[in-house]
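Both of the next two complexes hold subunit A, though its partner changes from subunit B to subunit C.
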Partner chain A sequence: MISLLVANSIIFANIIALMAISATLALSRTNVPNFAVATFGTIGIYISFTCIKLLGLGLYQSLIFCFIGGGIVGIIVYQLLIKPLRNRGATREEIMIATLGLDILLIALLNIYADYLTRNFKLMARDFTLSAYDFTVAGLSGAFIMSTITFITIMISLHLIFTRTSVGIAMKAIGEDPLLAECQGINTERLCVITWFIAGALPAVAGGFIPIYWISNPNISLYIVVSVFASCVLGGFTTIYDAALGGYIIGISQTLFISHLADIVGSWILSYGFFIALLIMIITVFTFPRGLYGLPWNRIIERLRIQFYRGGEG
Partner chain B sequence: MLFDISMRMEKENITVIIGPNGAGKTTLFRTIMGLTSIYSGKILFDGDDITNMQTNSIVKLGISYVPQRENFFENLTVKENLTLGGYLLGREEREAQMKEVLELFPVLARKDYISRKASMLSGGERRMLALAMGMMKKPKLMLLDEPTEGLMPKLAMEVYDKIRRIHEDARVQIVMTAEKARLSLELGDDAYILSNGQIREHKDAKEMLKDPDLEVKYFGIT
Partner chain C sequence: MISIPGIEFFTTLIFYIIIFLIITLSYNLAYGYSGIPDFGRAMAAGAGGFLCGYLPGRLMAYILGIRGDYLSNVYVIVDKVNMTLESNPPLSMGLLILTLILGACAGGLIGLLASLPILRGMRIFYLGVTLLAFQVGFNTIMYHYRPILRGELGVPIPDPFRWLMHYRILGLSPGITRSFGLIAAAGIVLLIIAYYCISVGRSPLGRVLKAIRDDEVAAATLGRDIRRIYIKVMVVSYAITGIAGALYAFYQGYVVGLHFDKIDWTFWPIAMVILGGLANNRGTFLGTITFIVLRRLIIFYKSDLEFILPFSPIWLESLLLGVILILLLIYRPRGLLPERPEIPLSREEIEGIRRKVGA
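Right, the complex of A and B next:
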């Protein structure tokens, strides 16, 4: 049986990995470093909260609305912020700063929305959890089962889209050379919109799992964003697979390591879990700055194979 | 900057545009493709006004542009590049076209090549891939920007041979710019000399070949 600690670390890894995939997609396909990615997750939290508390939907039914709602937010952000800035000749760095501003704006709007829910519907819209709505099967929490199924389903879907469909291949092409992509007859504008739908939908779905796992409030993204970007840096900001792997390594190591540390120094350390992610990010930047994607995997595998055979002979 | 440009390119011809570096050859193609804005004048294709149209809409009309550099996606495989070349075709039509194109470019069809990353290809193979991507669109007109630039003469001849076959077998109108003036004029029907953004001369390609002052004109010394 999987221990509660391991199960929780996998839930966290699923959440972080989905957000890291979103940030990687936004950067590698549309050349936008999206610093608001974790707050897209908070939007998912509040879509889920609204669906359950106001519309009376089930916890996991609300994920569909998180996906659609997050996707729509992604499109709005692209149309109202990214595209106009690009049309005015903004550089990548300028757009990055704009997403930081967007992050602050979204957090402010979420705070207003939380207050609105509290005043008008007498709901506790801050520091809440939705764990009471979760189910348990054979000792495993619904959040563990559903977040893992969601993560695997999304990974398989994205893999098939990016390898089997011309639209998916075109999305990769836009990331590499948008003008050449346009010369192939690709409507790059339309594909950027689709990419931003996905980039908005994934963190919102991941956000739907956060209140089952954590006490949530409109500012929770501030505690998650470091882990998400550490995952992207570790992955290499290039492919969805590396982002997912980065997310898993950061998510699991952060949860497990900080829990063991709490056993030694006390539970106060639990609030500083993101330091582990930060530490891994710093080590990555200084030792292999291109992340897992940039590692010479062929050489590493060859070396491991030699080691293995030598061990066998010994 | 281009100015005072008036050109008419016939469907049944291979039109060659020669001129020194910086003459405006690439700008001319980029303007046709809607990648560079035009301030006055008109560009007509098959009777349709395509001036300042969106690039992907121009491609839909049947114009395929193969740029001089960065003419394929390095991080994608050969097959993915070809798929993108035929992006506007339906799945079945694209597969049928890929089969035809690979018959014309057998080097790309090899099992170990088709799934190889395009960045692993040699200089000549890269040109073949770029041409093959252009052909995947089932174009009416191909704009080839210096298709043999930087290639050894033997490889350049191979590329010219492919261009001739594309024109003759697939009946595609070709307009190309060229660095190797004499080689390209041998292939062409119609020729323009472009210098400092202006047309200096327009002649039958074979006639231009006989011109003893070709090199002087070609290098823009008048």
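Right, the complex of A and C next:
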């Protein structure tokens, strides 16, 4: 069977990939670099915590609430922050600073909420895990199975939405050129709201998985955000498939590689876990700044095919 | 019962205002004038501050002939160094100036490294992302890697102002006298920096920077090497911030890898510059002083606020920072004092030239 380490790294990769898809969607479809994406995940953590502890729901039922709650947060952020900035004609740098401000604001609000839970309900709302609510099937943890199923379901449904439905195709058009899309009679406003619903819901669902195997607190996003952005940069900030691939590469290498390295050089290296992500990001930026998306795949496949045939002949 | 701030409150306030003015002036140079979305400012301050924890103590130990492992006996060694510095004011001042210069060099070096992505022709948005990530990495190394600053424990810093404690001005306590010394030193630095930044803003160089910010391509067609100018601005601006970081470390007398975090040293300066007005040094002064006074008052009245607010006042600062940044960017993106068009020659001079040409 799959070892615990591999299972954990795949859980982590699923989480990172979902967040990377959200950040990539926000940037490529609505032209907003969303730095608060990891904190949307923390919102998911606290929605699931509230559902389990206060409403008595199960771990995986609460994911539905994470999805809806995160989506609503996404819409609120769009209506109250992004739309006014856009209407004013803000530059991309200004929107970047605004989402950084949003990140700080959300972290403060989550801290206040955690205080509130601790004071009024006598709950341990900081540094908790929810692993006790998880189940195991045939030696596999529920988090592994459920996060993989969730990830695959979301990937398939996003793929279908973006290729088969008119809404998805219209979204693509908005990403390419908003003005031209509007000329074609597309309701840009409504589609931006839908995009931000997805961009808020995905990280919140991913956040629902975080407390199952990590010790969570309101400030945990600081440790995730580097990995998320490294995956986006590696993916190239263009399509959801590259973002997911980038998330998988970063998530798995960060967990697997660092724990193998810890066996060799000692456990002190574990504190530097996200340096793998940072390193991959730096290499990406300096060698192929357009990411996986920008690589000349046709030429690479062609060359590989030639190599393969030559190998076959010789 | 509301407590009334004492003299210590005001010395701290003035010192913070000076330190953050140095940082915001240099940030204005990078973001306001040149338009570089620089989210790694805390690294520059950290470079100066951490250098302060690394170098002066070791240097003095070497000069005094103290051998043995520096970090494991750091308290004893710094105590000895402090005693020497106390009896030798010129040496103290020499050490201070040397450290500030080296702090500037360290900041400049970080600026050079941070601007390497620009050299690769990177999109300006990626620069923001990478600088944010670099900054998290930099602080993590400083906090976990023991051979530099003892990791989580931190190191004390030799105090170049201890000799001031022998003088009693107006019967004030020795600690306050020392603060006055620090304020004087930081004030001199601020004067130099402010003179530099304001004259850059008025000079042809300032207009070149604004031109690049407004339209890169247009400035490039006029023969300016855009990337080189970006890198120069980053290096100079980071070097200035490095000095501020070193001064702050001397003020604290102690440095840990957790100091110089991104909220205090990157995002607050951004909010200050935006409040005051981009590319307007007068506005930068206004914004910095407003926010520092606000923050110091919040810290001072924390225990009183506990009863008024429905939540713990620890979160008030970051709550305010987030709300202020968002509201400023939505409603007042150009700040309280918006940038004014730069007119290099006065109207009379232009008229005079016109008359001379005879047109």
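Just so it is clear, the second predicted complex is superposed on the first by the 313 of 314 C-alpha atoms of A that agree within 3 Å, B and C clash if a C-alpha of one lies under 4 Å from a C-alpha of the other, contacts with A are read in each partner's own complex, and residues count from 1 in each chain.
The working rule: a contact is a pair of C-beta atoms (placed from the backbone, for glycine too) under 8 Å apart; a residue touches a chain by one contact, two chains touch by 3 or more.
None of the values given here were measured: they were computed from a predicted structure.
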Quick one: name whichever of subunit B and subunit C touches more residues of subunit A.
-> C
Would you check which partner chain A:Pro296 touches, where first means subunit B only, second means subunit C only, and both and neither mean what they say?
-> neither
Quick one: classify A:Gly58 as touching subunit B (first), subunit C (second), both or neither.
-> neither
Thinking of the overlay built on chain A, is A:Arg92 touched by subunit B (first), by subunit C (second), by both, or by neither?
-> second
Which superposed partner A:Gly185 touches (first subunit B, second subunit C, both, neither) = first
If you stack the two complexes on chain A, which partner ends up touching A:Phe275: first (subunit B), second (subunit C), both, or neither?
-> second
Between subunit B (first) and subunit C (second), which does A:Ala173 come into contact with in this model arrangement: first, second, both, or neither?
-> first
Starting from the residues of subunit A touching subunit B, keep only those that also touch subunit C in the other complex, and list them.
-> none
Inside the complex, what are the residues of subunit C that reach subunit A?
-> 35, 37, 39, 116-117, 120-126, 128-130, 132-134, 136-137, 140-141, 144, 263, 267, 270-271, 274, 311-312, 314-315, 318-319, 321-326, 329-330, 333
Tell me, which parts of subunit A touch subunit B in their complex?
-> 166, 169-170, 172-173, 176-177, 179-188
Spell out the residues on subunit B that touch subunit A in their complex, using ranges where they run on.
-> 33, 35, 54-56, 59-60, 65, 67, 70-76, 80, 83-85, 87-88, 91, 94, 133, 137
Interface residues, subunit A side, partner subunit C - complex | 33, 35, 81, 84-85, 88, 90, 92-94, 96-98, 100-109, 111-112, 115-116, 222, 225-226, 229-230, 232-233, 268, 271-272, 274-275, 277-278, 281-282, 285-286, 289
